[in-house]
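Here the structure is laid out as structure tokens; the discussion comes afterwards.
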Amino acid sequence: MKIHEYQAKELLAAAGAAIPQHIVVRSGAEAAAAFDVLSNGGGVVVKAQVYAGGRGAGQLLDYPDKLGGVKFCPTRELTQAVAEAMLRHRLRTRQTGPEGVPIRTLIVQADAQPDREYYLAMVLDRAAGLPLLMACAEGGMEIEEIAARHPEKILKTYVAPETGLLPFQARRLAYELGFTPAQVPQVENILHALARVFLQKDATLAEINPLALTRNGQIVVLDAKIDFDDNALFRHPDIAALRDVQEENPLEIRAAQAHLNYIQLDGTIGCLVNGAGLAMATMDIIKYYGGQPANFLDVGGSVTPEGAIEAFRIILSDAKVRGILVNVFGGIARCDLIAEALVQAGREVGFRVPVVVRLEGTNAEKARQILAEAANELPTLKTAADLAAAAQLVVELSR
Amino acid sequence: MKIHEYQAKELLAAAGAAIPQHIVVRSGAEAAAAFDVLSNGGGVVVKAQVYAGGRGAGQLLDYPDKLGGVKFCPTRELTQAVAEAMLRHRLRTRQTGPEGVPIRTLIVQADAQPDREYYLAMVLDRAAGLPLLMACAEGGMEIEEIAARHPEKILKTYVAPETGLLPFQARRLAYELGFTPAQVPQVENILHALARVFLQKDATLAEINPLALTRNGQIVVLDAKIDFDDNALFRHPDIAALRDVQEENPLEIRAAQAHLNYIQLDGTIGCLVNGAGLAMATMDIIKYYGGQPANFLDVGGSVTPEGAIEAFRIILSDAKVRGILVNVFGGIARCDLIAEALVQAGREVGFRVPVVVRLEGTNAEKARQILAEAANELPTLKTAADLAAAAQLVVELSR
Amino acid sequence: MSILVDATTRVICQGITGKAGTFHTDQCLLYGTQFVGGVTPGRGGTTWRGPQSGKELPVFNTVAEAVRQTGATASMVFVPPAGAADAIMEAADAGITLIVAITEGIPVLDMVRVKRFLTSKPQVRLIGPNCPGIITPGQCKIGIMPGYIHTPCAPGQAGVGVISRSGTLTYEAVFQLTRLGLPQSTCVGIGGDPVPGTTQVELLELFNNDPGTSAILLIGEIGGDAEERAAAYAAQHVRKPLAAFIAGQTAPPGRRMGHAGAIISGSSGGAASKIAALTQAGFEVAATPAEMGLAVQRALSRQR
Amino acid sequence: MSILVDATTRVICQGITGKAGTFHTDQCLLYGTQFVGGVTPGRGGTTWRGPQSGKELPVFNTVAEAVRQTGATASMVFVPPAGAADAIMEAADAGITLIVAITEGIPVLDMVRVKRFLTSKPQVRLIGPNCPGIITPGQCKIGIMPGYIHTPCAPGQAGVGVISRSGTLTYEAVFQLTRLGLPQSTCVGIGGDPVPGTTQVELLELFNNDPGTSAILLIGEIGGDAEERAAAYAAQHVRKPLAAFIAGQTAPPGRRMGHAGAIISGSSGGAASKIAALTQAGFEVAATPAEMGLAVQRALSRQR
């Protein structure tokens, strides 16, 4: 689960990290009022709160000037104008796709005047099976490039979840980042806060980028991103409450409610598969035969009529879809029951595009018979003998 | 550091354990008032709060009837009378010595009506270097006997300090103690509370004896004893605040304030030694040559005039002392400076008994010279050539 | 021959009285697995009965008690996510040496803690979590895979060892092998979670040392660098015919790990790098999921 | 020959700028120990100067930096109790393989955590805490013992290895050995804390394997069962002359551990059981602390 920048920074602050003051606003007037509180004789920074990254280098759509999702505003008037523009125009970044995303929430942030920027992150190292804390004295946008070209500049420390970040680990990282003895305790606090939030709240990623050394010698979290383990939300009601469903894909939310794992893609061939691995493999074979998958959809281990109906509705609500491939390996679940579920779904939903079904496993023969009997009633429903044939057929029918 | 039963139970309760209600009282009138609150149509238990164990089987000194430090009182009147008696008479138990200890604090406790008693304890297993949780379905007084005769009846589980007691460990212990599925969650709570207090508060021993299954099916901590690691008190101001100096030996407190490690014993020969191991060994050699040490006293690695003066004052304040053995191995500290400190101490304190000094190590010759020069001024001060001679001499002079 | 489980393996189910635990224990009993008991705290002393098999098993409150009473050495874990890590540690602590954790949705940091707990118990092997389980066809099935699609080896015959991060994709592969007349020695689903109990490398080693395994099929997915490590291991140590398939060549986006993910793995974890590594290490890599069985056949014939 | 330290050992001091750290580093330098640097967080980049020796050493902020710059392999820890466990773990993590922790008063659960941390670093040996340190006479002194009471072995000569839980009592023993003309190979104070970094058994093994050690003197105390375990090990593995002394035959009462202490050790931890175990294992046990040297002499002559 993702959260907004301001939520991530507030979690880190609660764990002991220093952050610049900010006020969450949802209108130009609120932004102007926040300017009065935070400008302190200088300016403020207005920052769009959307889940997509690359806000600073992004662009408001249908907006005449160059303006992204982050803007320094030296005056009250500009603060209000920028806030209003952001709330009115969609924001396109390298992570949003060309249509951009709407901006519903902003923060107005005290200007921290960064003098130097650092990078901190905590993430699971799958190979080691341990959380890894990473730090780099060169923060900001180009961290991936630094990692590729100068991996030795990325300092790394494993953190055992049962002990947390040990004092000497934080101290060592702080000194090796080049901080002075007077700065080190501030950095240690932030490192411990990062590790604490990651471990105590079951994060999968916690990133501070940049960590800023300000002109007046303070060290603050300028921007932060934290993703959480969906599987652990049951024990973190405080985190689950931060979910902003408006930022998520409505089809994906609807799928999640039906216990379907659905991710919308750009192609034309819808997929309905049981199991994540088989679903990915099904997309692969569609592409192999010249098609483009419109989605990833895993209906889980078995297929119920209700699940199939909702799955078809979700797939078909994507206007790009010109054909559907159903690939189900009936293991413990019997194919004949699955076939009946598919027929029932066809009756309920109405198949406006060709639906190619490949069913294999327990009672597959009986299943094919059920589908054949429904052929008159559901003329777009086709069966295929095997996976390769099914993929080729759906690609052909969707042209 | 020790604490009282009621403090131990309150710590366990704060960590999630169920305890019978109690009220701390310091007069008969308070006890009677507590009876009104807690008797609930039945009686209450009055319990003396002293650091010594074996209260139930103890006896109030100079008291006509059989009465120890724990008494069930069915009436308000008896509650008041028992409380007054306990507060007026010293209590002798197998842990107090014949002179007993005064009782300054009592608790009046709701009667828990135990149906069955269990034993729980957590302690450091030195050999494994890990805390060990022990449990026995046969609690009460005879636990040491059970351990000796039926060690298989003592269930044991190591607890890693970084993870704490794991859920399955508590569950398994609870089932193996024979509790029913309905009781197990109550027992798990108490086990987790015990482990939590031990680990979070740096205990060296935490004992629940007995854990009681009451007639109405509740499981409660009837009595508890917790000792804490003195070395960790710096990080537990809440625990340090529980110290009841009135319960401790005044000489030992005074010694601790002067950074001396002093334990009063029953013999006649005082000891002043640098280092705990050498101090124990010095007591051993006194006994080997027929004497009885009056104390253990470790002045630490070096000897200052101030430390020596206070050490002599403490030793000599014990009226039983008839001679003193000073055994100092001057390592980094120079013997001549130590000799000067001893002479200065003699001048300040006045040696009313023979003081035999054995000094060895750096500048030992010069030290012997200093002591020889002070011989007229301090006639009871003698030197000895080696440890064996010193021990023999002090034993002889103390007869 | 086989790895890890065979007809003599004595198995319990943790969470046996739950819906899934009951159904799949029953299915495993019907397949012939030697199940000897189950564990559900609070239900100790009762008897579980398989709805289809009709077989009865004793239920215990703790794994320790189950091990003492039944001599079980393997456990199938169906405990729900919140208690699954604890159940795995309980099994390891009680002397179970093969733990097959079917449970899906265990928090990843719980699995990190489990793995660290297991470092002090080198004799314990964990398969999963979030996996279909392990099967030695005709002998022992511990998991949720459909048994009938598998083909046992004839006495003295060697079979294909299957290692997979996926569930239904594994069934697809096994189904293809069976259709091609290729029996399987043992099939292991290691699960799709970020921190699996047993890695592909460990299973490559076991299959490599198993005389009953004639070839190995590795079914991977995008993400992480486990397949790259498996390829590196195989190149150095394995001399048996090798085949592979990597799912996710049309990777679903949107599940990014930010900057940090790319930094840590040193590569994208993408299908291309995995396929390149496997090909270079001598694996026959199937171009589509419809050709996994054929890839094994090619690997076997290439050797001759 | 010797164990653990010799003239080539490169040593740093953690807490070198503190009062005790400065004094004892200086004393060690005067004895001839090859100190190469020190660590005090926040003082990195400065130079430490020995008040008596006049020698100068670089100070670093972290042990990792000190190891990189100086090639140190051993560390003497003088960090105050609240930070001592962290300092020990820092040293172990930075590649120091011999850590001598002098600090007294470290919370016992901190040491439990340190010991568990060190299980993943088998190459690291911790001596102490709450100990006088370790000395190979004439070559390397890491600790607070007075150097001059020790006697180095002549080239090719073997000496007495000393293992002790006590400080001044060890000096007493070494002083007696020196007076009797018995040189020492290495003397190790393991410290009096409940959870020592290195046990008597481990040192018995090292001394037993050291050709430069002709006999071993073990100085124990009441409490725990470490001496009983040492006796059991020696009986089975050690064939060199052995001597021992146990302090605390007149045990100070009042430091009881309640019921639990007696239950756990299975014995009283008293002097009598220790002396009996050692005698049975072939140790010459000194009757009084004045006869520790003589006990070694008896053990040596008994062998001839």
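For clarity, chains are labelled A, B, C and D in written order, and residue numbers in each chain start from 1.
The rule is simple: a contact is a pair of C-beta atoms (placed from the backbone, for glycine too) under 8 Å apart; a residue touches a chain by one contact, two chains touch by 3 or more.
This structure is a prediction, so every number in the text was calculated from the model and none was measured.
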Farthest-lying chain, centroid of Cα atoms versus that of chain C: B
Interchain centroid distance [CA atoms averaged], chain B/chain D, Å: 29
Centroid of chain C to centroid of chain D, CA atoms only: how many Å? 49
Could you give the separation in Å between the centres of chain A and chain D, each centre being the mean of its C-alpha atoms? 56
For chain D, give me the residues that contact two or more of the other chains. 113
Set of chain B residues in contact with two or more other chains: 160, 162-163
With chains as vertices and touches as edges, which is it: line, ring, star, complete or other? other
Listing every touching pair of chains gives A-B, A-C, A-D, B-C, B-D
Once bound in the complex, which stretches of chain C touch chain B? 41-44, 61-65, 83, 86-87, 89-90, 93, 113, 117
Residues of chain B defined as touching chain D within the complex: 53, 95, 119, 121-127, 129-132, 134, 143-144, 147, 151, 154, 160-162, 199, 202, 204-205, 207, 209, 225, 227, 229, 231-232, 234-235, 263, 265, 273-278, 280-288, 293, 296, 301, 329-332, 360-362, 386-388, 391
Would you tell me which residues of chain A are touching chain B in their complex? 160, 162-163
With touch defined as at the start, can you tell me which chain C residues reach chain A in the complex? 23-24, 27, 81-82, 105-113, 115-116, 144-146, 148-149, 164-172, 175, 192, 194-195, 219, 221-222, 224-226, 229, 245, 247-266, 287-291
List the residues on chain A that touch chain D in their complex, please. 163, 166-169, 171-172, 175-176, 181, 184
